[in-house]
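Structures are listed in the sections that come next.
Next come two complexes built around subunit A: one with subunit B, the other with subunit C.
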Partner chain A sequence: MLRDRPFATYVLAVFVILSLNFILPRLMPGDPLLAIYGEEALLAMSPELKEELVRRFSLDRPLSAQFLAYLAALFRGDLGHSYYFNAPVSRVLLGFLPWTLLLTGLALCLCAALGVVLGIESGARRGRPQDAVLLSAALFLGGFPDFFAGTLLLLFFGVTLGVAPLAGALTPYAGKAGLSLVLDVLHHLTLPLLTLVVVRVGPFYLLTRNTMVTTLGEAFILTARAKGCPDRTVRYRHAGRHSLLPVVTAAGLQYAHLITGALFVEMVFSYPGMGTLLYRALLTRDYPLIQGILLTAALAVLTVNFLLELVYVKVDPRVVRAR
Partner chain B sequence: MLEIRNLWVSYGGLPVLRDVSLTLARGESLAVVGESGAGKTTLGLSILGLVEGECRGEIIWRGKNLLALSEEELRRLRGREIAMVFQNVETALHPLYAVCDQVAEAMVVHGLGKGEAADRALALLERVGLRPDRARAYPHQLSGGEKQRALLALALANDPEVLVLDEPTASLDPRTKGEIVGLLLEMVRDRITLVITHDLAAAARLAGQMAVLYAGRLVEAGPAADLMRDPRHPYTRGLLRAYPHLATTKDLQGIPGRMEHGVEGCPFHPRCTQRLEACAVRAPSPVPAGGRTLACHRGGIVPLLEVRGIAKSFGAFRLLRGVNLTLYEGETLALVGESGSGKTTLARIVMGLTAADEGEILLEGQKVEKRTPEFYARVQMVFQQPGESLSHRLNVLQAVKEPLDVQQRGTEEERLSVVKRVLAEVELPCDDGFLKKYPHQLSGGEVQRVAIARALVLEPKLLIADEPTAALDASVQAKVLKLLLDLQEKRGLAILFITHDLAVARKVSDRVAVMLEGRIVEEGPTWEVMASPAHPLTRSLLTWAGPQLPPAWARRGSWPAHEEFSGPGRPSAGAVSSR
Partner chain C sequence: MHVDYWAHLKQSNAGRAGLILVCLLVGVAVLAPVLSPWNPGAYTGAIFSPPGREHWLGTNDVGQDVWAQLLFGARTSLAVGCGAALLATLLSALIGGTAGLLGGLYDRFWMRAVDALLVIPPVIPAILVGAYLRPSLAVTVALLAAILWPGEARVVRAQILSLKERAPVAAARTFGAGWGHILVRHLIPELGPVLVAVFVQGVRRAVFLEAGLSFLGIGDPAVVSWGRMMQHALRFTYLDVWKWWLLPPGLALSLTLGAFALLGFALETVFHPRLRR
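For the complex of A and B:
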């Protein structure tokens, strides 16, 4: 039944994630406040503040009421208070999230596009030298850890050649605007993006290539060729389009990996995204912030998957009727 | 005109098509039939230049050799001048595009504007029987028949001159099949059509010409109706014997062994029952033979026994008045007629037990002058009265072994093992106790089977069976008849089956000859004679032969409306009791 209504599945998934986020700190031994804020923060806390927090989390009320209060707070956009930044978690997140979304979103699009095109061309040349070279390259690069590839690129382009900035997402205090701002952002984005694409394009490429090899053996490909379709049309319009289907599904799964990769890559390039933020939060044990980051990442993966599901319906006409 | 000259196609060095030559004229439809794996589809694909393997030879179309064209030149021809409808209706359409778009694409890739192509595609789909709402559907929303129509529209999109249809009616139900065949007949007019199929009925309806392909070689080609009625190559006959149609009378028979590629010599020789040593050495080339093309070292199925103008009188009574009969290798000819019509006498004349007044007997083309032991090694007879045909002084072992003794075949032990094997074949015990029994100790059925075993022990090519099962009860008769047909399938045993029981003749014979007062009055393929007897005697024999089919079954007409199917019918016993 759930399979019939993808939307319901997602609502359920969000609910489960929210519940886990709520229940985990409360399942930990000891004081929930200790679990949420950590030992040091709690020690430094004044009794008034402590009282205030107990009230805020409804810790003096039953678990069900606590859960409702938690949901209500979330609904208001209240993810708690980050004491490292001394600001609401949600506001902190909003400052960092766009950069990560930009990085991972672009990386996903580029990985998919590049992986599909390379996969189609490679699959169509199965067994020939170009295919063998691409295949080996994909397997070789895919074995690199993100941070290692990032470090190599940073050393080569940033340090040796000096053509790329070493850190950040913008040139600070340059007061740029308009097109020059966009170019500046892209300039800073290039290396982290390149790192992610180089390391993460492998799965897209491999999946497309292998599907392509199977698809090219299908009867409808012979039909297309017998119609007199030029090679390119057969390759892209007929085989390629068909090979796209599993890639769309896989893209959702890959996005989770991309976010994980982005956390490391951002640190390598000191890119002001969620990765950098998470690193800082971990070092300072800013638990509300960590929870907020994880929740946001989970929701981002879910959202992308949901969007891809909508795309899939457009790509494969058979799905609509299956409902 | 499309001409295929000495086409060889091989995949990875293994030839799949060997030296195939065919000519197709405009308005002509040729069916290529054969078992799966015979290379039929490869032949179709090679015309479109879509074969993955290496091709040799020539395919001449409009003065150009298609095999020598570049990929781009071929692409321009594909779909525009030469189109193909593929088998596998379920997967031949792209699952992600609407059917009308797929048809339109076939025109767009050959230069038509998108808008016009879309309009024409809808019109074309309507012509093949898909209304616009069905035409705009995706393949998964269509039935098998509708997909077949869509595929046909796809092939017809550019009004091609050459149409290759690969299994166009496979996996369709009879009604859809009938409709599709009708549609195809209408669409293929004025085109050059190549129909690839293993469905002989579809082939016969769709094509005027037929070519039989075996392991990549053409074995027989000619007018479809002639090939179906009178196959000349042993393989064609094998195909027809294995293929049931509603008028089939003889039990279905297979072809021994299985098809193998890369056989030296004639590709069919390992399965052929009339092979010679030459067949294994060199492949026969297709030669014209009486209006068709035949590739067989023996010139097709050989006439094993020819009876020419045999006449016999007893005093003033003319029992046989010039009988002509031909019995081919591996077939059963049923000789039917009333008692006293001369059937048994004819058999005795063939066996040399009675001398004929006139006429001659030919065995494998050689006139039989003297009945030598070699003659009897090839021709054996089972007599009408088994009790009298076996000597009461010989026990079972002696009776069955005697022919081997006479022919001096093998050692004593070998003879004994042959006897035991043959006795087992006719489902008789072969323990010592039974071997020592004398005819009077056996039942009528056992005696008859001993007589059959005696006749088969020399492995003859021709068996004359005079009412061989008249003395047996039905279940034993069924087994003995099956055994004979089995030997026919395996060894190519030819049987002259003399009987007055048409129900039996119908199940065992390929052809039937009806005898009246010393003459053959009707002769033809059994199913034809049974379905439409020409001579009054045949009709009477059929009338009195046994229970008849209700005449309503034979009525034919168009496919009835579905309301007619909603009647009560004949409910099963279970359905009745549950009411």
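For the complex of A and C:
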């Protein structure tokens, strides 16, 4: 699939996102400062502050100088100033990012583990009822939009049964510590995590199952059976391990889906991560914050993809030799 | 390879189910004004009224008929979905097709660009551009098409590369056929079914992205859409209204996505004989 992407592709992708971030406010009709900060922020601005901002963004200089100034600011970690929170965007992001990383990281691990095990078992039972049930379930759930799946879970477990919290990541002012704090976090995490896993486990499962089906027909499986390996060993040690390779490649693509899915799911559960922050920023038209969130999400996806490509080379030595 | 795709499509269960559902949805969207006595934007006089004879699915917080909104939401979804997918398919045929045909530096330039665009999750530029432009329907269509084309161009290019090497083309070439003849008589007819499959997949992704964007509140507030209905209804989960206000648009959206997924799945099996079992 997409396994031998050169490093340049990632550089180009980052460049595309950065230029989009840079050019959009400046393409808007009227004062770019207005587009960068939004009308509401500008109304409250004093002339001195305005002048300072014009200088900071180099708005009085040509476009190329503005772009360099923008890049230089990014390298210093300066993502701009959030008007709504009245704080630097980077500091606001740091408060929300850990929750999203917790959610998406756990979701990725669970999806991969569950998908691989289900895929191996299903592939080994190809054509039998269990396989058919799993296959149709995966196809059915895969078509669900993640925010609607989240809404359904929220309505069922949160509103109707009342067993899960409706919002947040912690019980506020409960003063919990140690184990009870961990349990509290998990309690709040369960539904958003479940949503992401249910909607996103499908691709992992399908991929593993399909590879299993072809792998089980190969000669080394016959050898393993002939030398008397028990069924379990053949399934996991021989065929399963071999079917793991495409999963590593797919994990990168799936992380992209998980991050963007999390943006929506968090909003449904008011989980205090990047998604909820993005929604608030969209409602208040806090443009520097919107840009910061989307840039961070994109960079996270690109980084994970790139790292997985490095892992892939380690897992599958053929890739190196093929070059 | 002259296969009757239509007959194959009708033979597969997924294809039939998808076709029926899509026809149903298109019918509902076209007949929306006939099927509901209310205007989706109009105040009907009752707020939060539960489903009844007057309002089949009740009314929302500002007294709009939910059933009417649901019907007109189908129009938005299908119009945006089909429009964006059509535009994206044309773009991808143009770029992917020419890249496959011409090859060389031109091909490498586009494929490098496509690679870079493909690693960016599509939702991110969609939200970013949407937040600035506050797009109307036409702009949404253009925006989604701009996001959808790279993946499709890759499929079209791969198909062109494979078609170029097939026996009929080689035979035509030995008879001295020019590039124009080969293009018109061999490549374009064979590419047609692939473009249909690409289009159907594109509709599904465009409908999904449109719903996602309007769920985040991006887009023209005057346009009725399922995503926007859900965004509004989600604020009132503490009342009972979600049963007739929040669930129907979500189910309608899932049904639409499912219908196009089934159709796409069936088309894929038709076009790749190896997947047929």
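Here are a few things to note about the model shown:
What we mean here is this: the second predicted complex is superposed on the first by the 293 of 323 C-alpha atoms of A that agree within 3 Å, B and C clash if a C-alpha of one lies under 4 Å from a C-alpha of the other, contacts with A are read in each partner's own complex, and residues count from 1 in each chain.
To be clear about the criterion, a residue touches a chain if its C-beta (ideal position, glycine included) is under 8 Å from a C-beta of that chain, and two chains touch if they have at least 3 such contacts.
Nothing here was measured: the structure is a model prediction, and the numbers come from that model.
By the document's definition of touching, neither partner reaches A:Ala113: not subunit B, not subunit C. In the superposed model, more residues of subunit A are touched by C than by the other of subunit B and subunit C. By the touch criterion defined above, A:Leu186 lies against neither subunit B nor subunit C after alignment on the C-alpha atoms of chain A. In the superposed model, A:Leu49 makes contact with neither subunit B nor subunit C. Look at A:Leu307: by the touch rule set out above, it reaches neither subunit B nor subunit C. In the overlay built on the shared chain, the residue A:His242 is in contact with subunit B alone; subunit C does not reach it. In the superposed pair of complexes, A:Phe144 makes contact with subunit C only, with no contact to subunit B.
Of the two partner chains, subunit C is the only one touched by A:Asn21; subunit B is not.
In the superposed pair of complexes, A:Val133 makes contact with neither subunit B nor subunit C. Residue ranges of subunit C in contact with subunit A, taken from their complex: 112-113, 115-125, 127-129, 131-132, 208, 211-212, 215-218, 230, 234, 237-238, 242, 246-247, 250, 253-254, 257-258, 261, 265. Residues of subunit A that touch subunit C in their complex: 2, 5, 8-10, 12-13, 15-17, 20-21, 24-25, 28, 35, 139-140, 142-145, 147-148, 151-152, 154-155, 158-159, 166, 256-257, 259-260, 263-264, 267-268, 278-279, 282-283, 285, 287, 290-291, 294, 297-298, 301-302, 305.
If you check the complex, the residues on subunit A that touch subunit B are 218-220, 222-231, 233, 237-238, 241-242, 315-318, 321. Chain contact summary for the complex, subunit B toward subunit A: residues 45, 48, 50, 71, 75-80, 83-84, 86, 88, 91-96, 98, 105-106, 109-110, 138, 140-141, 151, 154-155, 157-158.
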